[in-house]
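As structure tokens, here come the structures.
Two complexes follow with chain A in common, the first pairing it with chain B and the second with chain C.
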Partner chain A sequence: MNPSMAITEAPGLFTADGLTGLIFLIMMAVTLIGGIIACCAERLVRAIAGLIVCFIGVAALYYFLNSPFVAMMQMLIYVGAVCITIAFAIMLAAPEESRKNGPAGPLSGPLGFITAGLVSFGLIAMAMRTQFTSHPKINNGTMEEIGIEFLTSYSMAFELISVVLLIAIIGALVIARAGRSK
Partner chain B sequence: MSLTVLNVIAAVVIAIAFAAANAAYLVWAERRGAARIQRRPGPNINGPFGLLQPPIDGIKLMTKQLMIPGGADKILFMVAPVLAMAPAIMSFVTIPFSEGIVARNMDIGVLMIFAFASLGAMAILFAGWGSRNKYSVMASVRAVSQNVSYEIPMLITAITVIMVNGSMDLKAISLAQAGGFWHWNIFPSLQSPLMPVSFIIFFICSLAETNRAPFDLGEAESELVAGFHTEYGSMGFGLFFMGEYANIVIGASLTTLLFLGGWGCPFGLFPGVWWFLLKIYLLIATFIWIRWTFPRTTIYGLLNLSWKILIPISLFNLLLTAGLLKVF
Partner chain C sequence: MSMLTLYNSLNTFLYLAALLFGMGVYGMVTHRTLIGMLISSELILVAASINFMAFNRFTAPDPTTGQIFTLFIMAIAAAEAAIGLSIVIAVYRNYKSVDTEDLVDLKG
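Right after this comes the complex of A and B.
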């Protein structure tokens, strides 16, 4: 599809654009369903399962957007590392399926619905009024190009992220070793 | 358009068939190998050399009732075996069997295999948690901690190889080692004198990643009944086994492609898929041989081996290779 062409009518399902759109919608649905499961599940392990589904949906979106490297890193880091670390925390802490103990917060009743409605109304209004323009393709999203960008244009952000991660690791070590004798 | 769709369907069917056939006959090979090592006859009644045993076992597993224990988390219990098998099939998509035989060669092939392999730990975790059995939960915690610890040295060693070859494309890595065994990555070169050490680390890690003895703490039958698949019967159990053997094939293929020259011949003659298959089945035979000759380690010994020995050595190797690549 020509990126500068405005979409005036929905393409037919069995054209290339239609199938692309269908795949995109399926990915969106997977991501959203995963997110909803992660938020609403009563058992924490099921919430992790939902989070994994959500991350896989996001990875599929990256792949769809022609960045396979970012998609695979999303799988490797978020599914393979973050979710497993969360699962470890749950298994070691063993929260015993605590459900709804204590009074519900002030945002859990009608007030919550009003807040959610206002936020989504604001986002939808913003999305409807924005004039979307297609951005020119920067590069092919390959590993070399991303690496060169990281170490030239975005080297400051890259270094800052590594400093933040270093601080997090040192903090975790300090907390973990506090109770030990040696 | 339709030809592309047909190609995709053919690739998926071949990947599933290859994984399933390997799983079936590697079980047979494993039982025969175990029997030979333990000096007893293995499955040798059905067909010549017992070769009809795997299809009969398959029929038995498929006709059994799938029992779900009371109090188990039904959804996670059902999802876990599928999650054990599906990533392995995805990984077959990007493994090149020879220069022409590859479903979809990606320029980030190594990364893709590691990304999908990381889903396997979640399958074990869900299986253990979903069965609501204390032995299963203990086994899954063990297996996941093992998988996480051994993924790190495995990735670092893979990065060393990627740095030497300058590519993440499995096909390119294999082609760079073409033309005789002295070009293979396993042998030390000026840029990476510690390559044999890398190979040993990678091999140990692939044993541990597939939960094979001596690292099968996740299914230590003397302590934990049958580990994370204690509660599984019929095809749920069958899928776990298929996933395990498919992962073994992937581990052997990755070792072959990264270190042993892929489909290249040791003497530069007739490179092709037959050399690749020969190499991976030799590696798998080594897997089986190791499983039935070494005793099981302890969980602390296992984790100490990874964190205190393999990770420092592989990091040192990475730094050394990076330095020498800059010099030469």
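Right after this comes the complex of A and C.
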């Protein structure tokens, strides 16, 4: 049996544990529906709306995984920054999704579906067959402990990531600015 | 195990992440514009993050490691989105299109 925490007996629906489970199921459905909209929508504006719904569901899943801080950062960075940036790009570049069939057109749908299905099926089968062993926790993973780890064990990576972000911003400005007079 | 205790098992999160990964791959193949492919790559990244967080909660001895890794993934994804979108805008300015069928100048 793969690791699972504390509760083992089935709770009633209207107890606290049962309602928690119900909210989890709803959030899982929200994540999957958002993902389906994001990958299947014809128009890009609908795809980005589906991506936002999917990311909100994922933030709720992070909350269920005992990490409210990462859930908050998911809302701030993914929903608040990345998705809005992509929405701006859709408005600036205004691409009309053309439905003409190019050389790879008619086959790409079914073949892509088969590929994606095989990849997911392989991952799910692997997760089903593997035994994962659980280890005792050495701390609680609270926000305070994340901060301490960030500035002790991972301080080098923490500084490097800020350099990467700075260079990415400057690079984005340089690339998008070239040829602006045309 | 009943439906209502699903959030207590590692496999639920692994299956969900696998499905999201599959959706990302499907969108990457079928979307015809660069922005659509970027949206699909975000789905793939978030699937990887869910895996990290699930293993972090259920198996890892130090529960801060996976959270910190997920935060790094978020930072890299933000940088990737900024660079990718500036490339999209530069391409649009030169070709007046972001359809991958039109960007065939290098084709032999």
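The rule is simple: the second predicted complex is superposed on the first by the 132 of 182 C-alpha atoms of A that agree within 3 Å, B and C clash if a C-alpha of one lies under 4 Å from a C-alpha of the other, contacts with A are read in each partner's own complex, and residues count from 1 in each chain.
Here, contacts are C-beta pairs under 8 Å (C-beta built on N, C-alpha and C of every residue); 3 or more make two chains touch, one makes a residue touch a chain.
Computed from a predicted model, the values in this text were never measured in an experiment.
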Chain B versus chain C, judged by how many residues of chain A each one touches: C
Chain B versus chain C as contact partner of A:75, first or second or both or neither: first
Touching partner for A:155 - first (chain B), second (chain C), both, neither: neither
Which of chain B and chain C A:119 touches, first, second, both or neither: second
Which superposed partner A:32 touches (first chain B, second chain C, both, neither): second
Chain A positions touched by chain B in one structure and by chain C in the second: 69, 73, 81, 88
Parts of chain C lying in touch with chain A, wherever the complex brings them together: 1-33, 35-36, 38-40, 42-43, 46, 49-50, 53-65, 67-68, 70-72, 74-83, 85-90, 92-94, 97-99, 101
Contacting residues of chain A [partner chain C, same complex]: 2-8, 10-11, 13, 17-18, 20-22, 24-25, 28, 31-32, 35-36, 38-40, 44, 47-48, 51, 54-55, 58, 61-62, 64-67, 69-70, 73-74, 77-78, 81-82, 85-86, 88-90, 92-93, 95, 97-98, 100, 102, 108-109, 111-113, 115-117, 119-120, 123-124, 127-128, 132-141, 145-146, 149-150, 154, 157, 161, 164-165, 168-169, 171-173, 175-176, 178-180, 182
Complex contact set, residues of chain B against chain A: 1, 73, 75-76, 79, 106-108, 111-112, 114-116, 118-119, 121-122, 125-126, 129-130, 137, 141, 144-145, 148, 151, 168
Chain B contact footprint on chain A (complex, rising order): 16, 43, 45-46, 49, 52, 68-69, 72-73, 75-76, 79-81, 83-84, 87-88, 91, 142-143
